[in-house]
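Below are two complexes that have chain A in common, paired first with chain B and then with chain C.
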Partner chain A sequence: MSALGPSLRRRALLLGGAAAVVGGGTAAALAVRDGDPEVRPVAVAPVGAETVPFHGVHQPGIDTLPAQAHAVFLGLDLNPGSGPAEVGRLMRLLSDDAARLMSGRAPLAAEDQELAVLPSRLTVTFGFGAGLFDAIGRAGDCPAVVRELPAFPADRLDPRWSGGDLLLQVCSDDPVPLAYAVRRLVRDARSMTSVRWVQRGFNPARGPEPAAVTPRNLFGQRDGTANPASGSPELAESVWVRDGPSWFVGGSVLVLRRIRMDLDTWDDFGRVGKEMALARRLDTGAPVTGGGEFDEVDPRVVDERGMPMVAASAHVVRAKARTPAERMLRRGYSYDDGPTPDGAPDAGQLFAAYQADAATAFVPVQGRLAESDVMNLWVTHVGSAAFVIPPGCADGEFVGRALLGT
Partner chain B sequence: MSALGPSLRRRALLLGGAAAVVGGGTAAALAVRDGDPEVRPVAVAPVGAETVPFHGVHQPGIDTLPAQAHAVFLGLDLNPGSGPAEVGRLMRLLSDDAARLMSGRAPLAAEDQELAVLPSRLTVTFGFGAGLFDAIGRAGDCPAVVRELPAFPADRLDPRWSGGDLLLQVCSDDPVPLAYAVRRLVRDARSMTSVRWVQRGFNPARGPEPAAVTPRNLFGQRDGTANPASGSPELAESVWVRDGPSWFVGGSVLVLRRIRMDLDTWDDFGRVGKEMALARRLDTGAPVTGGGEFDEVDPRVVDERGMPMVAASAHVVRAKARTPAERMLRRGYSYDDGPTPDGAPDAGQLFAAYQADAATAFVPVQGRLAESDVMNLWVTHVGSAAFVIPPGCADGEFVGRALLGT
Partner chain C sequence: MLVSARPLRGPLLVITTACVIGIAGCAGGDPSPAAAPSAAAPSAAAASPAVSAPAVTVADPWVKTAESGMTAAFGTFSTTGSTPVTVLSAQTSASSRTELHEVVVGDDGAMTMRPKGDGFVIEPGAPHVLAPGGDHIMIMDLASPIRPGDQIDVTLSLSDGSTTRFSALAKETSGGEENYDDGAGSMHMSGGQGG
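Our next item is the complex of A and B:
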């Protein structure tokens, strides 16, 4: 650390102590009440000193839940002529940067620590696209589904938001250390790559709502209710690669789709119709057929006239995993790049889904949605990219080393 | 409110109660310690239900301090042919939207409340550019300095980030209600305006650091140390128009400059040199000549060799108000629209300064800085706009009515 280390460390300790005090106080004040599913115990404290470990069996930024408030997704392309040696050097450097930044330290070459010391759960996650496998001479090792997702009927993909050899997903609860981390990572990648695309996303800030509440997307919908819990066996089975080559076990596959939302027409559609389309209530996220947010929609329920309360084309009916292999961890972010000069929205969701095998998860689920989903009235997929997420690395190692063989 | 009103109102009450509990607990845990200027009492709680009143003598979003974590600045142009009647209708509609949104309600025409109920200190501030004065047939009432700021030697202004008939400054601690508010406001302005520019800014999130700490900009510098305190007589004298026509008294003038920062060369400049350029320490913000953050830099101090410790061209020396009339409230935000395809940063500051008279405040201060400021090595002004900020309005009224005479 720098000259200011002791003061900041003391501060972090104090804040940690405060968190404990505060957590106790608010848990008492905000006990769960029957009939009010949104009120849950709250632990609130200055969160700047919180860190997530970089080294481990899995990469960070996946089972880092709830997802941080801010994300930058970067799609980089390797310079022409890059081979395994260049990619190895790049990943060694970026892994070192990521480990330092996530622990609240500036990268090795940086003198000032000020923008690094409060990382606010900063995570850096690396993904390898098909172009990287090609560059290192291992084209055949890239899963077919990562090389090319099937074309779905409703896709309106723009190359501007698609593809990429190397993904960086950088997340933090604070946009300032996030901006710093992205800038330093890109700076170190700059001589070996070009920036294909940048996509910025946000979730509700950490603070306005209790952390245990499912975040709302720009439709106003609680989004992520069906996600497996952090650290659960279900998450492990859905997300982490268990069978496969050693360079892949402990990794995952990320599908990143840029989904434009037509927010003006959504706003003007009646509330009853919206809740029919979602099969869930907008306010609580509970099924329209009754129960609480974490209960499942029961498509067999009928209303007083004997009519089904849930349309066969309702979103959750179509999106729900029908087999364990279809399960994913959805870790999406809202984006807002609008308004356009004529005042129209340019907003939607960066849908980021992690799964052990996209061929058995994202592809069949999205196939069903593209075929029939009431929400297709308001959503359009305008960008698409898929990446192999290598497993995590140990201290002194770097992400992807087993694949790169250097 | 909607059907979910009672539940959410109860929640807001609970959160408010928790804030009181928590505030007491943490203030005890985090008492100020001598010699550690960064540790201050902290009040931490879910902040979503916090609101700022729209109606009042002054518009909100100016003496709303600390500045919220997120801001969107929108420069709108009136449709050709707009007159006082059209502008009056527009301002009546937007003022009503702003009052509702700031109090946690959706605009009148919107059915769903979900994205509005947790405004997180949302504020909407309106400013009138020269083009609006022209449109309403009162060109002569626009202060000359708002019509045209002088050209400064180092300016590299891009029309893409300059000018505008009507300013909307929308701020919140949470990007989700902010995105909702901007979208709804633009939607209601859309038939009468076009969007000239959108500039998004951020400050450190609310939460990672105690609220009383001065935020850091992307140079890593604590920025805003010299600002007058909220509600202070000094702020009132610096910011609010006291002498002038009745439509202007209680208002202010906003100068918004987009200042690009050359962050890579800044990073590589030595720490000693940076602190010399700023005349303040990077870590604490205290003068290099000694003292704490809120002490003034003393340019007369010499080092052990008898050399001045502060260069005559140091930023704070040049930027410091030399008369009361030069004082401003700086309410800036960082922006980050990078990296560019070649990996270069595209980042800096949205410098937003409020003052009673820009001709006696921003203009002479910026004149000095443009003439000589070490920081000119790293900053370039690339956008510029100035607006009359009308006074606030009472319930049932709208912003600008006295000027519009409708």
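Our next item is the complex of A and C:
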């Protein structure tokens, strides 16, 4: 991939240019110029009808890559007094809704077929917080790291973005079916839960760049380069629970951190410094020491004067997994809730990391970053939540049934 | 009223097969209700090749939540056979009193539901949709509340002597709140149900 990268990318840019022209309304003109070797209309695939299966060994929305362009994360709290019966009814309802919505059908009792028919890779992923384990009388089964992540020195956590008994991560390439799905899911959940928080995120739209290109975050960085590839053994080992109780095997653990990014000071920092902070280039995502995007940053490289070219506290140097157990899948989304009344940005990243065990992955890695990471100049963790992601369910079942034992 | 008084014709012998069909019918992944019969047929054949498939399959069954009183069950009924089949009556796990209802517009323009005397006729190739505002299975004298996410077992008795059983998922909706004219004065269908 990295060897082909630049030429492919140039080609993609050219194609992207053509697509923009088509979008500008000159499609007809382009279509008749079929003898022109330089300009070819881009065949835009009808992505709206694309679906992701709900049923399976694993829940969808994790190894659904590239991540969809839009996401809504919802933290719900169970009504006081909820027990296993209520949670069972809730998960049966929501699983049925999710399966229908993801396949392009309206939920039962809804007739809005036109809002559901183009799900655009809609996925619904459920996570169980400590409060849900407590409610069903299984407090001891909640992993300690999910119950309480350690406090990190630079945390500025706001309860408004933290915690939650039940997580819904709903993703789609199209915000309209996404909004419909979220609304119907919440409508079915609201007699049994209250909404603790909702966080909306986005990635680059689907289409402007080829699907395999790493998305950019609001710093302009290619973010996700070092992630394990979809369907790879590395992803399976990093993300899915393999040893544990049967209700957990095939599941995962999600750590969701709302991380504010100080875009004003980032803007004015200067390009060289920005690239040093990460140790990767802004344009290509390649290591500052050379090579292509998918080459690793080598912190030992020195310049002609013998000075290290990579800062020891650069983000990727600090973040890189030092043992296999530290690996994770980062599946984050940008958020932009600004500007504030005085014109300041209110933006950042909904950092969403999936791993088999957050105690061996997120915790030590974030421990290193909190201790020293140049990017801490601009990033502040303002929200935090962790969830057990139960395994996927079969047709006719619902997510979490094995844990509930019903 | 006549309909609900009619005795069940089929013995409960066929329930095992009916169950398989009921589940396959409701879990079909195809958005088109018309495709449900073909999706259900192979699994029925595989499960018990010696017994002929029940004449009616049910897709997307659900029941409206209610605290007490009465409520209704819905779904899409199709027949796998080549001749029409009539749903004569229904029984549910939620109460001992169930009627088959249709909705008509009364002289005053109000939607009123009433028992459908001849039952629901399912023509081959023409799925019969039960939905709020239209035909439905009326569940009366609820024994206990039907809460969101509950599952209610429904057994249909058919004109060919067989029965079909399926499980309906309980969902909250404000749709289908017709008046009920059972000949003995009107009542409101939604009973004590909350929002």
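The rule we apply is simple: the second predicted complex is superposed on the first by the 362 of 406 C-alpha atoms of A that agree within 3 Å, B and C clash if a C-alpha of one lies under 4 Å from a C-alpha of the other, contacts with A are read in each partner's own complex, and residues count from 1 in each chain.
In this text, a contact is a pair of C-beta atoms (placed from the backbone, for glycine too) under 8 Å apart; a residue touches a chain by one contact, two chains touch by 3 or more.
Note that the coordinates shown come from a computational prediction; the quantities given were computed from them, not determined experimentally.
Touch criterion not met for A:G367: it reaches neither chain B nor chain C.
Judged by the touch definition given at the top, the superposed model places A:G292 against neither chain B nor chain C.
Considering which of chain B and chain C touches more of chain A, the answer is B. In the superposition on chain A, A:S120 makes contact with chain B only, not with chain C. By the touch criterion defined above, A:G104 lies against chain C but remains apart from chain B after alignment on the C-alpha atoms of chain A. Within the superposed three-chain model, A:R206 lies in touch with chain B and out of touch with chain C [touch as defined at top]. In the superposition on chain A, contact is made by A:Y180 with chain B only, not with chain C. In the superposed pair of complexes, A:G88 makes contact with chain C only, with no contact to chain B. Shared contact residues on chain A (touching chain B in one structure, chain C in the other): 111, 187.
Within the complex, the chain A residues that touch chain C are 88-93, 96, 103-105, 107-109, 111, 113, 117, 187-188, 191-192, 395-396.
Chain C meets chain A in the complex at residues 23, 27, 29, 31, 60, 62, 64, 74, 131-132, 147-151, 169, 171-173, 175. Those residues of chain B that touch chain A in the shared complex are 2-4, 7-8, 10-11, 14-15, 17-18, 21-22, 25-26, 28-30, 36, 38-39, 42, 44-49, 69-70, 74, 110-112, 114-115, 118, 120, 173-176, 179-180, 182-183, 186-187, 189-190, 193-196, 198, 202-210, 215-216, 218, 220-221, 263-264, 267, 270-271, 274, 282-284, 334, 336, 338-345, 347.
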